[in-house]
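Here come two complexes built around subunit A, the first alongside subunit B, the second alongside subunit C.
== the complex of A and B ==
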């Protein structure tokens, strides 16, 4: 009874629509008001993402400089000049190498630690909520706040060095040109790990329990079932973690700016975004800054493509 | 099993210790980086808090952080809910394009847009040292739009058909039926959105030069890089400021941690 009732209601509705708004519906869709509701968001995306993105590319090919508002100035097209300037700048090349070191430490460490921790936290253990929450806390806290403690901890005569005693590195962590970048990489890994644990925990809910039972029946121990069931089971999440960690890492700014006092010692921990800020805004060359930005995007995209092929292959 | 539990506990300690040390350091009159200094015996004081307060005016900075964060949350709730609803429930021309653009822009890192946004907002629109300029690039959080869309999609289709047959307008359906049913999503959206602007450093740092407009993250970092050298107990004052900056985000997270974790899980799996 109810079923036929509903069917007839839907029938009338369909007919009413086809009589009243067939032409309009075909052009604008059944509920054209949707366009109005989504417009503010589309304007926002255009103004904050699409237009600046195009504008950055435009600036990087022109002799663009800051001028007084309203002043009409000529900003001639200069082809690849800005890119030549950028690529022949040793500080820029150094910063790209630095971020490479950063990613080599940060990405593998993030993947391994967050997967192992998520797998352990997914099991029934005592104090699970407390332990989970502890791993998330650094992620929800402002980097500026946590940097203060790290400076205190890793100071020349800070707690870490007084615990290490004679094993403490000299010069100390953040002022040592060999250790500055790795220390920043460890800091960021620690800070962001909670987020990636969360991603893996979500993915683990989708791994079928039957697979673990089957593995156990085949006599697989804990380690084997982790390696043969869990790791392939969370493959899509691993790809996501690698890509997100790479993109976040490539945008490193706050940590070298504050933790190592502006990319020190002597540029050993400068990141491309930091150099982009110094060249583009501090020194007033937005064209140079944009060129660094465009190169960074291209670099990240290439890296992401390589990673996708590399990480994505295992499950096939 | 026991070994795993101990290892996890040690890990949790490593993750929490800096926060404990932050609190202790902010309460010590003299910086004590020795091992015994980590377990304070007496001599605790609130002096560092008044020190940082006189240097950067904590109240003013907190109000600025609040306005910045509040503006972003408001923008996300109003325009994000409208967009999320339209993308989930309404058939209109261009819906697929908008959704794909949204996903595409999720992978464009914000830092790469800082130079053009700086030129546009500060130089062309003259919005330096203003709340509007601070809020604009973050006004609608796309992750929250995805969460809203996901929740609206889960509502049964019969509900919407019935309301439409009764002659309710689409805006009425959204406001009277859909929004009350997705209240948990709204809370998740607010929590997700909160940590972004509250912790954001680079953008407000670029566009605020006036100290009385700077959010706490910016004024604290300026103190860290310039003023602290002259203070009697620089680390103490920095750590006191760090505690004030960290407290609201950590408190919100602890209060809502169950919701935060489970709902992030859902949107993570499906989104």
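== the complex of A and C ==
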């Protein structure tokens, strides 16, 4: 009886466990530990990215402004009015064109320079670690400090113009409406190069040495070996670099804010995020700022899709 | 500092989300008394004044103590205050409220009109005199107490003038022609690289330190916008724009941002600054001061200029408004204004400031010129969309006057049209 009774109890517990396990299984799936580990990040993404993005879309369709708690305010639905306002604003349109110029210079330059430098730094050269760290220093240095150095280099009496002498542009780099955005693009490329070199260095560790040996046996010189082995070998990293450079580039803010004094000269280096900041925060029109933000998100997504289609075609 | 789209949206949204959190303080009693919090500016002189003021109050009011701190750091005080209003945690009083932001704070429901106190209107007007009129909101109420001004004037470097062969004690700077002639001599005589270098950058407030003082002087005290209409596309406004355009075209004024203090570093021989600069340049620059120029060279006692004022406002999150009002009156009393003048050199926005503190001005004659000028100051217009209006003006100014990519007259007309529209929406 005792044995039977114990079996009965165990059996009941077993069924309870089984029922409970099924419920937990339904919630957590087949990999409950994995789900549990992922959950905090999902919550973080939802709270810090998804909800704000959804709320920004909501604001962009309303006459929205920030108000004190308890203040009675009306925030009526306005349809596409904010988008019409944004798209008919020449400053906004210009900022999108400016960031287009920025990306055209910054993204290819980033890919080429970081790949070439990573390949060089991957070879057995002297002072390799020192040089690797040197490239990374601008990336980890505060923009405010680095901008000060670039102002010193590129103002009309700066080092660059002193070296160029009569060839120096007039007006100078940062106040020249044709050169301001390219100068900003080159600055950002230089500042972020260390990070992208790091990505390529990691990717290069996965390119088999056998391939280089086979290429050498087939008579390939260093350039052919680089073009036919290295470049295809780091294709997934190239896709990542292009996408990350595009996304971070489209969100350009610090450089036009600090380096060219608020998007100058005459708006030639204003970026959409700078205009978002002016309209949304400074001028108290978060609805307009959100509409610019939503358009920027759509633009970046489209651009990323196009890039994925062309750059990442062998990666699928 | 680099922002992602989502981070920017987050900044907007978090503040917005907090706005929905409810709370409500609109019904707080104007007679309620108890502890309060105040914020003040972070420059050393104002910190010293605020600390002694708080200590003096707290010593006498154990049950209504002030907790004071500097305004939290942000890109600008206005952004921090705007976020605090939305979050419902603004202090009772902020002794650094920009008049340009008052309309925005009012729209947010963040301010307590001082008229809601029995003696509010009377106190503001009796302390500041007719200058107070400029600080009334569109609804005719005082949402701010005019506190202190920094009337801007032309500082010039005597050594730079002497180096260029000019007479340092008799600067020829009264008319536009004289100013330009002097500027040319300063630059060609290598007194400095630039005659003057106001920040040529595009922030909305930069026009307060190039166009606006001269416009105030030329018009005898007009504001940028009056009665819902832009005032700057007038003959006077065009003269000011033409004057500055000439300075930029001849490179007498610089188009490039200078990373430092151009006047202190000798990069520019002149600067447009307020009395705060006396302490800053003491021992560094041998300076002189004159009023801003006018086309006809008006006498100094007729010249108006930009006030560069900062005010005190009471915020709607304040519960103990009775105490806050008492503190506001205490902190802007004749005695405390005198201490403020003594510790900071800035001018209390008090009627007849030059005669109210004779001992101070006898001991500090440098400040007397500014005290005289303080009687004739012009504030930014207290209208809705104030910052958008100033940014619109700055964009047009930057394009035409600083960089010469458009005719200044056409640019002013274009900006006036857009600003009329903005002002009419308010």
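Note that in this section the second predicted complex is superposed on the first by the 267 of 316 C-alpha atoms of A that agree within 3 Å, B and C clash if a C-alpha of one lies under 4 Å from a C-alpha of the other, contacts with A are read in each partner's own complex, and residues count from 1 in each chain.
Simple rule for what comes next: contacts are C-beta pairs under 8 Å (C-beta built on N, C-alpha and C of every residue); 3 or more make two chains touch, one makes a residue touch a chain.
Computed from a predicted structure; not experimentally measured.
Participant: Using the superposition on subunit A, tell me whether subunit B and subunit C clash or fit.
Facilitator: Clash: subunit B and subunit C overlap once superposed on subunit A.
Participant: Decide which partner touches more residues of subunit A, taking subunit B and subunit C as the two options.
Facilitator: Counting residues of subunit A touched by each partner, the higher count goes to B.
Participant: For A:42, is the partner it touches subunit B (first), subunit C (second), both, or none of the two (neither)?
Facilitator: Only subunit B; A:42 stays clear of subunit C.
Participant: Which partner chains sit in contact with A:284 here, subunit B, subunit C, both or neither? Use first/second/both/neither.
Facilitator: Second partner only, subunit C.
Participant: For A:263, using the defined touch cut-off, is the partner it touches subunit B, subunit C, both, or neither? Pick first, second, both or neither.
Facilitator: A:263: touches subunit C, not subunit B.
Participant: Tell me which partner A:91 touches in the superposition: subunit B (first), subunit C (second), both or neither.
Facilitator: Once the two structures are laid over each other on A, A:91 reaches subunit C alone.
Participant: Name the contact category of A:247: first (subunit B only), second (subunit C only), both, or neither.
Facilitator: The answer is both, since A:247 touches subunit B and subunit C.
Participant: According to the stated criteria, A:73 is in contact with first (subunit B), second (subunit C), both, or neither; which is it?
Facilitator: It touches subunit C, and subunit B stays clear.
Participant: Touch check for A:65: first (subunit B), second (subunit C), both, or neither?
Facilitator: In the superposition, A:65 contacts subunit C only.
Participant: Taking the superposition as given, does A:155 touch the first partner, subunit B, the second, subunit C, both, or neither?
Facilitator: Touch partners of A:155: subunit B and subunit C.
Participant: Could you tell me if A:174 is touching subunit B, subunit C, both of them or neither one (first, second, both, neither)?
Facilitator: In the superposed model, A:174 contacts subunit C only, not subunit B.
Participant: Can you tell which stretch of subunit B bumps into subunit C once we superpose, 21-29, 39-47, 111-119 or 147-155?
Facilitator: 111-119
Participant: So which positions on subunit A get touched by both subunit B and subunit C?
Facilitator: 48-49, 51-53, 55-56, 59, 64, 66, 69, 142-144, 148, 151-152, 155, 157, 247-248, 250-251, 253-254, 257-258, 261-262, 273, 276-277, 280-281, 286, 289-290, 293, 296-297, 300
Participant: Could you list, by residue number, the parts of subunit A that touch subunit B in their complex?
Facilitator: 6, 9-10, 13, 27-35, 37-38, 40-42, 44-45, 47-53, 55-56, 59, 64, 66, 69, 117, 120-121, 123, 125-127, 129-138, 140-153, 155, 157-159, 162-163, 190, 193, 198-199, 201-203, 205-206, 247-248, 250-251, 253-254, 257-258, 261-262, 273, 276-277, 280-281, 286, 289-290, 293, 296-297, 300
Participant: Which residues of subunit C touch subunit A once you look at their complex with the stated criterion?
Facilitator: Listed in rising order, the residues of subunit C that touch subunit A are 1-6, 8-19, 21-26, 76, 78-79, 82, 85-88, 90, 104, 107-110, 193, 199-204, 255-257, 259, 316-317, 385, 387-388, 391, 395, 398-399, 402-403, 405.
Participant: Please name which positions on subunit A make contact with subunit C in the complex.
Facilitator: Listed in rising order, the residues of subunit A that touch subunit C are 48-49, 51-53, 55-56, 59, 64-73, 91, 142-144, 148, 151-152, 155-157, 171-172, 174-175, 177, 247-248, 250-254, 257-258, 260-267, 270, 273, 276-278, 280-286, 289-290, 293, 296-297, 300.
Participant: Which subunit B residues qualify as touching subunit A in the complex?
Facilitator: 4-5, 7-9, 11-16, 18-19, 21-22, 25, 31, 33-35, 37-38, 79-80, 82-83, 85-87, 90-95, 98, 101-102, 105, 107-120, 123-124, 126, 136-137, 139-140, 145, 158, 161, 164-165, 170-171, 174, 195, 198-199, 201-202, 206, 217, 220-221, 224-225, 235, 238-239, 241-243, 245-246, 249-250, 253-254, 257, 261, 264-266, 268-269
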